[in-house]
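Same chain, two partners: subunit A is paired with subunit B first, then with subunit C.
Up next, the complex of A and B:
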């Protein structure tokens, strides 16, 4: 993450997510998967558990994040402001 | 000229049946959440989508020549309203129903983000009705449907889709099935 902070955030709607794994493929630096397949913010990406649903993205990740939003089978992703 | 249109329509129909089968198989594989050794989930999803759109193109190639072919005597109404055809109306009608279902599945697929998940999924399920209708139409209507290669192809496609459907309803279908039943931890095949 740059000194200026994240370019945007990827909001994960946990009520929709089914852990299919497409977003974790597209954003391997930003997301990992938990034991049940659900995406998690990669270690070091978020400071507090409370913010784990809004994963900070770098400018370089924005394109992949847009793809993830478009391709998510459950429509569980959204890009929000930094 | 009519012979060429007729042949083109028939070949397009056969190709479309193969594409539809590929689309259904890829859709089921995509739904499982599993990648293939050489293809990540994202690629499988895009392949499913693009093969489906290619199936639409070949459906146009299948139907449009028949509209122009004086011998086939198919008109615009027959394309969307089933069971009115002048030749093998029932079997042709099954193809018409399949076309209507495909139009609904493709339209809701393209508008998925606007319609929301429930509507998309409810309509997308019609694919499971569309495929057997399309196959029945090709077997019942096809000029060469009783020839050995055509029968063999139909059997192969049938076995493939039935096997995939059986896998679809099995307990271990989802990539995450083991873990969510309390099984061993996994590393999700990370490179």
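Up next, the complex of A and C:
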């Protein structure tokens, strides 16, 4: 993450997500999977609890993030401001 | 003010009017006439008076748990309704008094609704006038509704307030769950990226306050900010209701000034200080503390370290654990309950809380080594912040405070002993 902070954030709606992990494949740098398969911000990426559902993204990851938003079968993802 | 003891919600008349109580000044199960006799009519204010300004000056914070500034929420709804009004759309705001009280250790809202329903109604009406609100609701458990219906029927100015029956579930009182309930009939928290002020029920600006907050708003509207601040401290003005439960002579609701010392609150409830091991403040989503030197409310003790600091009262729960009782076992039972109360919408909450409960249960039973403490920490990190509501975060806070406050007990448990109950595990 650059000193200037994230370019955007990926918001995960946990009430929709079923943890099949398409997004984690598209954004391997930003997301890993937790014990149960749900997307988890990569180590060191989030500082505060509130960020855990709004994963910071670099500018280089935006394209893949847009794909993830479009391809998530449960419409659980959204890109929000930094 | 001396702490005032209120009656149990459905018990008979109290022994007398609680001296100095603000919220229960009209006595037990006060009807409208008793209410007016105690508080007087709502004054007619001049044109330069504004409820928003009085609320801001009062420093009133929400009494439902989160403790946000009541004025900020009010102002956000005030701002959000304006563009809609100018655009001529139906953007009239929605006001909700939340008395769901899903927290098992809290009964102050039930006590308030039973004894002082007209204060809650007055608070809603005062805000409705200030905000030009369209719809007014009181949301409370089934047992509260008949008395509330009777209170509404007693007065001619409150017929448009609708009652909603809150389901009996821990998360039913989360503000977004209240709005979901209105829209879908199911009290499930939902993913709220924005604030309810900008679009809650049917996309309308929505103001959800705890019922006690509405009662204080009614009093601020009557007597003003200066009066409100005459009790409590500069950082934590006014009074608040607390439910005292656990190892106590009898469970009571007390009205205490902001910034009260926790040991003083316990003494008012008849609890001897040296019989207390620890106190859970704020409920199942709260924190365990050792009571000595701790202040209930914002601000804290000048110059005090963490040991003599302040603890956020949350929804006003004070739950006493006597000496000789194991805090880890008590916490493990609570986490198990909380895991069962997950609304099972969000994966990390649905799977993570039972895993956390299992680890706490092993810790309470002394089955495991130091890796168990690391596992509790790791699972806490996995669920925190990863749900549509604060249920996982609140649970993590409870667990973290238990590991801190009962750190000695953790060491003994890992060695197969419980120091508190004095035996092998």
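FYI, the second predicted complex is superposed on the first by the 82 of 82 C-alpha atoms of A that agree within 3 Å, B and C clash if a C-alpha of one lies under 4 Å from a C-alpha of the other, contacts with A are read in each partner's own complex, and residues count from 1 in each chain.
Heads up, the rule we're going with is that contacts are C-beta pairs under 8 Å (C-beta built on N, C-alpha and C of every residue); 3 or more make two chains touch, one makes a residue touch a chain.
Note that the structure is predicted; figures quoted are calculated from it, not measured.
*Asks:* Quick check for you: in the superposed arrangement, does A:22 touch first (subunit B), second (subunit C), both or neither?
*Replies:* first
*Asks:* Now for A:80: first (subunit B), second (subunit C), both, or neither, which partner does it touch?
*Replies:* Second partner only, subunit C.
*Asks:* Applying the document's definition of touch, where does A:51 land relative to subunit B and subunit C: first, second, both, or neither?
*Replies:* Second partner only, subunit C.
*Asks:* Who does A:33 touch here: subunit B (first), subunit C (second), both, or neither?
*Replies:* The answer is first: A:33 touches subunit B but not subunit C.
*Asks:* On subunit A, which partner touches more residues: subunit B or subunit C?
*Replies:* The partner with more contacted residues on subunit A is C.
*Asks:* Which partner does A:71 reach: the first (subunit B), the second (subunit C), both, or neither?
*Replies:* first
*Asks:* Scan A:60 for contacts with subunit B and subunit C and give back first, second, both or neither.
*Replies:* neither
*Asks:* Which partner does A:11 reach: the first (subunit B), the second (subunit C), both, or neither?
*Replies:* Once the two structures are laid over each other on A, A:11 reaches subunit C alone.
*Asks:* Mind sorting out which residues of subunit A both subunit B and subunit C touch, each in its own complex?
*Replies:* In the superposed arrangement, which is not itself an observed complex, subunit A uses residues 16, 19, 35-37 for both subunit B and subunit C.
*Asks:* Using the touch definition up top, name the residues of subunit C that touch subunit A in the complex.
*Replies:* 188-191, 193, 345-349, 351-352, 355, 382, 384-388, 393
*Asks:* What does subunit A use to touch subunit B in their complex?
*Replies:* On the subunit A side, the touching residues are 16, 19-22, 24-26, 33, 35-37, 67, 70-71, 73-75.
*Asks:* List the residues on subunit B that touch subunit A in their complex, please.
*Replies:* 30-31, 33, 35, 40-42, 45-46, 112-113, 116-117, 175-176, 179-180, 185-186, 188
*Asks:* Of all residues in subunit A, which touch subunit C in the complex?
*Replies:* Going by the criterion above, the answer is residues 11-19, 34-38, 40, 46, 48-53, 78, 80.
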